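Take a look at this one; I'll ask things after.
Chain nomenclature is as follows: A, B, C and D, assigned in order of appearance, with residue numbering initiated at 1 for each chain independently.
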Amino acid sequence: MTGLLDVTDIHKSYGAIRAVDGVSFNVAAGEILGVIGPNGSGKTTLFNTILGQVAPSSGKVLFEGEDITGLPPLRLARRGIGRTFQSLQVFGKLSVRDNLIAAGQEFLDTPARRLFSKPDAGLGQRADEMIALFKLGHVAKLAAGSLSYGQQKLVDIAMAFIPAPRLVLLDEPCAGVNPALIEDLLALLLQLNSQQGGSFIVIEHNMDFIMRLCGRVMCMAQGAILAIGPGEAIRANPAVLEAYLGD
Amino acid sequence: MTGLGKSLRWPVLILAIIALAVLPTSLKSYGVYILTLWAVYVIAGMGLNLTVGYAGQISLGQAAFLGIGAYTAGLMAKLGFSYLLIVPASASICFLVGLGLGFPALRVQHHYLAFATLGFNMLCFLVFRNEEWLTGGTFGMNDIARPVLFGWHFSRAADFYQLTFGITVVLAVLMALLLRSPWGRAFAALRDNPIRAESVGISTTFYTLMAFAIGAAYAGVAGALFAPLVGFIEPASFTVTNSLAMLLMVIVGGQGRFFGPALGAVIVVLLPEWLRFAADWYLAVFGFMIVVMMVWMPGGLLSLADRWKRP
Amino acid sequence: MTDLLQLLLSGVSTGACYALAALGFTLLWQASGTINFALGEMVMLPAFMMLFFLNVASLPLAVAFLLTLVASLLVLGGMFKLLVVDPLIRHGVIPLVIATLGLSIGFKNLTRVAYSAQVFTFPSIFPDRLIDIFGLRVTVAEIGTAVLACGVALGVQFFLNRTLTGRAMQAVAQNRDAARVLGINANRMVMYAFLVNAALAALTALLVTPVYLAKFDMGDTLGTKAFYAAIIGGFNNSRGALLGGVLVGVLENLVGAYISPSYKEGVALLLFLLVIVFMPQGLLGKPEERRV
Amino acid sequence: MIKRRTTLKLATSALAVPALGITGARAADTVKMIDDVELSGPGVTSGSMWKNGVDMAIKEINAGGGILGRQIEVSHQDNQSQAQIAKAVATKAIDDEPYVILGPIFSGDVNVSSAVAETAETPMFMGGEAANLTQQGKKYLFRSSLSQSAAMPKVANYMQKVGIKSVVIVWISNDFGKGGHDTMLKELNARGIKVLADIPTEPGQMDYTSVVVNAVKAGADAIFSYKNEEESARFLIALRKYGYDKPVIGETVLVSQRVIELAGTAANGARGHVGLTVDAPNPLVLAFGAKFKAIYGYASDHNGIKGYTSIYLIKAVTEKLGKFDRKALAAAIHGGSFSAKQYPGLLLDVAFDAAGDLDRESYLVEVRDGKQVITETLPPLGKV
């Protein structure tokens, strides 16, 4: 089956440790796939191999039918794959608005044309829309590094969506975020998914969040896929329960 | 920033530029000379500030570019080229060499990059000194004439100062435009978080090379002015010590702040002159003042403004 | 053949001096990430302290050395860490680099004003004797310096790897937070590194100055060469400093004798640049993890 | 906003301060001299000696009533051994309208400063030794010592006389060494003495083994060594270690008291030509040397004597003229000769040619048992 993203038999070992051990799955256009699993089950390593941070030991990753295995992050970004980070990753000294413009400007024009284009690279309006969407208006002119953890997290997520990527990988979007904000975040992501039509892969420990956001959920344990399917089925799966309880 | 402050910004800046442009008519030749030297260092410092302050790459090789620019200008002046060609040539050669120096920066980061650029500067010094056929070797190049542009001779100290200051202002405006452009934002992104930059499509390779090359080109222009200003160039003016002095300029002024190099150059060029009253002790005082200044305000002098704003 | 051996031998001895100065540099880097541009001045200063005790106070060399050692531990160890490094280290590498640069200018000119810009002789701890081994001529001082330098480098290595304090220091260098969890007083370990560095500086001064002569700017060349040595050998390895120093010393001699005296330094520089670009961890160092 | 205003305020006060310093009033009963000299950077060793010599002479002269009844007021300005700063210092000096400018010593610094002095028609008494400095037709530039172009022929003559047919030149890669090397090469070629190896060394070089190996391998009759003090000493030590037994010949520095002190027994046997030495067999010079050592705690080298005699030369000529007149001063020195008998502070008789080069007697010296021994006194070249 050919989807938006086809991952086939990915292996990644560090010495004797098999961090990812034969993972295959696919993501359809517009789908939101959740990834769960205990700590050390290989979720983040899987992300890193897909995102070009580390090269897989073997296996193949196809995006829109083209082989993107091991491509560096820059090339993946240019092909329309965005991401957020587990730890805080914003441009600390730039304002929130500039963070958002920076996240989108490289997808327009050639470098030479960008040099002579308007300071906001024509992205001002788009950035302002995102700022409104993420309710960041009151901090838009402040340096991103000076914001609270949760606010920076929102900036990070908004940045990933600025260029309207066709696939976004979100690494624990809820971690460290104020519970009051999580509801907002959920609504936001669903809205973005229906508006922009991109596909998401979301790593998250917050079960409730994952179940409400994702159509399908994949559970990993010890580098392999334990189960994949609709959320309710995964929640009821005895192997998944055991993996979590046994952890 | 208050509304009043904002509305005053442009008039104050323009008044200051006019004052700096006409002031030398009331100064004696020493004042004019020191002021011209200051302007030359401001140009080189602006370039270094782009590389270090805005793009976050450490460079300890700016004096080598100043030297390359100065030798290019000296040689071309001897061969009778017009100054209209000399400045772009110095800038372009430095731009290209800067691109070359940017390549190690792609492989190594931070302190290693500092060392690589330091090594580059030392190699340049050896070349300046040893390749006598080209550079005049230890004895350098003497009698470098002041420029003639459109039949106008810039040989008088005040005229040459105004030419230099004019070029400084033009380059400052260009720098401001660059920093306001999407490129400026990309440089800052590269400095703040190169990994995140890559993930949003900002090519660290491209912008790192550009940060080095443009920074070097500024030093090239500074060199092309340095040569006719002093009228003489020798390898001793382009050692690592001078590179360190230029870095000092940028850091003490305030890295990543637009007016940092202008203030930093005041410290490096003029502070030792003011300290001359301390006679023998003046350089020792200068050295320890730098230490105290850094410990007190690691963000540079201009970071004081932030402290006042947010007490 | 004799010439070649002669060149190698004296290169090793000179390199050992570079290595001694480089050792302190790598130590500070490992312990706290400090890049010290006042490296050469930290050897020059103890040399002039000793000269002061010897000539002005007319003390014997051993006493002069001990007093210098104490002064050195206080000023170059404790005060340097507390007054300069501690306030600056959290602001990143550059402000500290600039501050040590200021220190270098300050120390150098202080010495110049206090002690004049002239060159001074310095007593050697080794007898002034020449040994002739099958046509190979070496002085006792050369052999002594090389042996002592190797001994000190290996001693530092032993201290870091085999003693409890040493290992604690390394743990702090590798991961300060983890070390803290293990109950190691990180700050104290870093202080130890600064004290060892200061002691090394005094020892280096004692060994190098008789050969190199005491002058306020003696740190310029010494500092630069030690710097090459530290990078080439490996920033985070004490044996690396030794290898780097010896390589620089020997290379300079070989290039000077057989290739080009005017680019003698150029070749060490080239090696330095190649190492930085292609194996930045140095010849013996461990690669540093890039933080993501 | 504060940011910008602070910058501007600082920048404008930056201009005001040096400008004010320039227009200070001066008392009419003093005569102003400004010393543009290397007090930091690589030239400081020579520069501080020069400064001491200048200070010593001025103190003596002021104590004795000054020049034509006016006290000398000197201001020493460090040029950091960098041409761009030397030019700043010279420019500042000219704004101050001094009677004369003293220094600099390094040729690059002299080059830029003398151009400034020339335009302002202010006499400049420099310590530079490079041959080319006085060959640019400057009217206000004077030497305070024999130039390399006056000293090297004497050394080359000596080599020829003792039958040296081939030589190795070892020189230091700074402007001092390079100048000596270039001049010497010319003189050796003119006399048919072959140069078998030509070896530059680095300032601050630690290990001279490679130099010694190549110098010995060349198999020449002698080594000509032209380096600064500590480098000369290290080289002599390395030569002795290697067991080199042919003559080592130098000029001024190699056989100076300082090098003998630094090199210890390794200096024995070194020979050379000395233009100015505190050990010259001349009561005036010896008295100077003793006094210098008593004041500063170490022996003067030729730079100390250069600074000292420059001041006395200025005094001598000014008093002869009977007025303070820069142009007349410069004109009177050109082609003039001045005897130490008449003006004791000159230490030695001295004569100037039209270019501002001076000529005076000099010595051949050999180091024996750690002492400079003068083997021959050479008369002035007598071209003046």
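Observations on the model:
Convention: contacts are C-beta pairs under 8 Å (C-beta built on N, C-alpha and C of every residue); 3 or more make two chains touch, one makes a residue touch a chain.
Keep in mind that what you see is a predicted model, and the values were worked out from it rather than measured.
Set against one another, B-D and C-D show the most C-beta pairs in contact at B-D. Of all chains, the one whose mean C-alpha position sits at the greatest distance from that of chain C is A. Each chain gets one centre point, the mean of its Cα atoms, and the points for chain C and chain D are 35 Å apart. The mean-CA centres of chain A and chain C are about 48 angstrom from one another, to the nearest whole unit. Put simply, the C-alpha centre of chain A and that of chain D have 73 angstrom between them. Of all residues in chain C, those touching 2 or more other chains are 109, 112, 262, 265, 292, listed in ascending order.
Shown for chain D are the residues that touch two or more other chains, namely 40, 42, 173.
Contact of a single residue of chain A with at least two other chains is seen at no position. Every pair of chains meeting the contact definition is listed here: A-B, B-C, B-D, C-D.
Those residues of chain C that touch chain B in the shared complex are 35, 37, 83-84, 87-88, 91, 93-99, 101-110, 112-113, 224, 227, 231, 262-263, 265-266, 269-270, 272-273, 276-278, 280, 290, 292.
Those residues of chain A that touch chain B in the shared complex are 51, 72-74, 77-78, 82-83, 85, 89-94, 98, 101-107, 111, 114-117, 119, 121, 145, 159-160, 162-163. On the side of chain C, the complex with chain D involves touching residues 3, 6-7, 10-11, 13-14, 17, 109, 112, 116-119, 121, 128, 130, 137, 139, 211-213, 215-218, 220-222, 225, 249, 252-257, 261-262, 264-265. Listed in rising order, the residues of chain B touching chain C in the complex are 52, 58, 104, 107-112, 114-116, 119-120, 122-123, 126, 129-130, 195, 244, 247-248, 251-252, 255, 280-281, 283-284, 286-291, 293-295, 298-299.
Interface of chain D with chain B (complex): residues 1-8, 10-12, 14-15, 17-19, 22-23, 39-42, 76-78, 80-84, 87-88, 91-92, 94-95, 107-108, 111-112, 115, 130, 132, 173-175, 177-179.
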